Amino acid sequence: MFESIKKSAYEANMRLYSSGIAPFTWGNASQCDRDAHVFAIKPSGVPYEELSPDKMVIVGFDGKKVEGELSPSSDTPTHAVLYSEFGCIGGVVHTHSVNAVAFAQAGLPIPALGTTHADFCYGAVPCTRPLTKQEVETLYEKNTGLVIAEYFAENGIDPGSVPAVLVHSHGPFCWGKDAASAAYNAAVLEIISEMALKTMKLRPEQESIPQYLLDKHYLRKHGTNAYYGQNNK
Amino acid sequence: MFESIKKSAYEANMRLYSSGIAPFTWGNASQCDRDAHVFAIKPSGVPYEELSPDKMVIVGFDGKKVEGELSPSSDTPTHAVLYSEFGCIGGVVHTHSVNAVAFAQAGLPIPALGTTHADFCYGAVPCTRPLTKQEVETLYEKNTGLVIAEYFAENGIDPGSVPAVLVHSHGPFCWGKDAASAAYNAAVLEIISEMALKTMKLRPEQESIPQYLLDKHYLRKHGTNAYYGQNNK
Amino acid sequence: MFESIKKSAYEANMRLYSSGIAPFTWGNASQCDRDAHVFAIKPSGVPYEELSPDKMVIVGFDGKKVEGELSPSSDTPTHAVLYSEFGCIGGVVHTHSVNAVAFAQAGLPIPALGTTHADFCYGAVPCTRPLTKQEVETLYEKNTGLVIAEYFAENGIDPGSVPAVLVHSHGPFCWGKDAASAAYNAAVLEIISEMALKTMKLRPEQESIPQYLLDKHYLRKHGTNAYYGQNNK
Amino acid sequence: MFESIKKSAYEANMRLYSSGIAPFTWGNASQCDRDAHVFAIKPSGVPYEELSPDKMVIVGFDGKKVEGELSPSSDTPTHAVLYSEFGCIGGVVHTHSVNAVAFAQAGLPIPALGTTHADFCYGAVPCTRPLTKQEVETLYEKNTGLVIAEYFAENGIDPGSVPAVLVHSHGPFCWGKDAASAAYNAAVLEIISEMALKTMKLRPEQESIPQYLLDKHYLRKHGTNAYYGQNNK
């Protein structure tokens, strides 16, 4: 059962590995089946070379294991919260890619400094508040998801157009319509982060691009009037 | 028809891909046929692995498609303007290479800080002014080309000796006598950008090299008295 | 004799080589046999391509060669001291990986700025004091080990939970339960160092993460209540 | 004739290419035959993929071509001066490796900030004064060599223990007992440069290591009492 989402999750995990943004076992990708209220996720601490689709673990949106012999990724409760809270997403990816982590460790959002950013994300990539001592000590991974959802709700941000977040002192979580899309967004985020870091070195006071340029680039790639690619002829 | 320019455009696009300066589908190369007033360009949003010469799209200097099943790159109108305005060029390349983008996002030109730069470009690589709201909202890609041409005209810069520009908040466009040369220039620009960024970190007040050193290096590689390479024996 | 530790030392040395953290011959890995009071270590100045398990040199904890035709690594006395002083370790690795060396050359510890660090090391990666003129001129490599051990003893640091140190003006030494684990830690240290360097560029005044977050991450991967990986079902 | 030095020069040029420190055609290696007062050097502007030993050009210490169909590297007169002035060297290499060029463009020497540097070079890697207008306009490449030799003579530096220099606003020249050794030194210089650049970012005021540490590391690898490697048993 769940062959299809296991395959998608497996392929996204392998893509993380081959792209170099998840060294060692530091990354995980999941693919959900919204009708069944479950998702397939990487097992915890298993080297990428030893993965196969049937090793993916099936977990419910409540965070409880439904199927699979191995323990799921320790970040599983974060994925579960994101699927519950963000109804529009089908895949989630977590990495420790270096440049994105640098922003997370500095507790800074990644401002929209150019069109490469705007092609990918409709505004800054936000950084959450730090978790409290209590949130860390009890149900840490679940609280990580809740703090992400809290930030998006309180700031009125649509996860459908901002496909990534930095968890304070930790690193990025990304999402998309499926696991492949989430893995793509995680790779893009790392490039965006490197561009932003270098821009800020050249010009620390650099401001975000104006709203009309953000609109132009985001909307020419996304949404009903998009004219990038081959779907708009 | 147009087999030759399709092949040249295809090969330059694949060179962008293999050189790593155009991750994902973020780059495009074109090759023009000046006699026919057309150019061959990459189709929009097609992964590099799926390209072939016959998938290149033929477009007129007025920006209208002449031949091809696929939609051309969304940056096509910028290429069209550059071919119209810069009579000496035969190929155009656009990338989002990281270090060049950092300068574009900071809105800064790349000063001629050393001989590697001077071997490639006769003076600073300029950065355009930002496009206005109106220029972004109507005919954005065409206006991108016009703003480049405006900068070169107003500042009396010869596109034959300055083969690259940074579009403010966006990234580099490069050109050359053909698509292969434009792709080479795009790769060189990225290296020059990284050198400049690191030089400015070591010594933020570093000035451009003197005119006589710029002359020496640019002219030993380019122009009638060049003595670099095997064409001057 | 000592086939098993020679093989482990050989494999860890080759892992240093393939991971890119020990360019040229600038790195060495050793594996000890605690019962026999000896360790197997890389011969000095031999290119990685020419290594084989039988070329590893067997050395006693007193630093004297026990078996092998080649001269052992010039850093052998440092390894010997670490095995003597740190009873819990089974493998030692030394590299000149660029980002870790940058911290060592600056004489700065690597603060625990995020969870990637906390997953690996329980607190800052310390930097030793500089060696004195006399310590450098007489028994330099042995004194390097003694200065490391001195730092851990004086500051009450457990080498079982802090698996790396920076030797002032020199570079990192790492260790672990075996040579493979030490080589893994050396690769992780390089990533951690790059993350810290970039974080400090974004926010020079960035403080270490709070103790409760350090506890959470270190202890979910290490120790009796660890729940990362597949050993805790 | 000169088969042996052509082969050595060819192999060193290919090593530059495969190591990534000489992108495109931006680098050249030569090997001299001191008895014959000639050296073999890369032809100018020929892509590395098209090189072969028999394409190397033979040039006298006076800078005049002795044998070969192709034009020699435009940097040939610099090599010729170095062989004339530095009697102890057998190979010369020039590259535009990014981090070393950054120091050259900033007009700064690379201070000896750690033991990786000391293992390779006995003191700072110097940076020459800028060439004057007249030196650039007449016999530029020869004057480049003379300015290097002037710096070493005036500052009493031994090219036998300082195997590299930065030419102001240009980039590095390296040398060694043969072309292979010079190519190795060019690769090491690039790593040293990156380490120094990152150290200076972490701690701009960082001073050079003390003389006794420089002595220890340089002399344990070089000179009559060296004990690194397998030649000292």
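As written, the chain order gives the labels A, B, C and D, with residue 1 at the start of each chain.
Here, a contact is a pair of C-beta atoms (placed from the backbone, for glycine too) under 8 Å apart; a residue touches a chain by one contact, two chains touch by 3 or more.
This one's a predicted model, so the numbers in the text were calculated from it and none came from an experiment.
K.L.:
Taking CA centroids for every chain, report which one is farthest away from chain D.
P.N.:
A
K.L.:
Quick one: compare the interface residues of chain B with those of chain D and tell me same or different, with half as the dividing line.
P.N.:
Counting which numbers both chains contribute, under half are shared, so the two copies meet through different residues.
K.L.:
How many Å are there between the centre of chain B and the centre of chain C, using C-alpha atoms for each centre?
P.N.:
47
K.L.:
Express in whole angstrom the distance between the two chain centres, defined as the mean CA positions of chain C and chain D.
P.N.:
33
K.L.:
Residue numbers in chain D touching 2 or more other chains?
P.N.:
201
K.L.:
I'd like to see which chains touch which, written out pair by pair.
P.N.:
The set of touching chain pairs is A-B, A-C, B-D, C-D.
K.L.:
Provide the residue numbers of chain A that touch chain C in the complex, in ascending order.
P.N.:
So the residues of chain A touching chain C come out as 23-24, 26, 43-46, 70-71, 74, 96, 98-99, 101-108, 130-131, 133, 136-137, 140, 169-171, 197, 200-201.
K.L.:
Please name which positions on chain B make contact with chain D in the complex.
P.N.:
113-116, 119, 184, 187-188, 191, 194-196, 198-199, 201-203, 206, 209-210, 212-213, 216, 220, 227-230, 232-233
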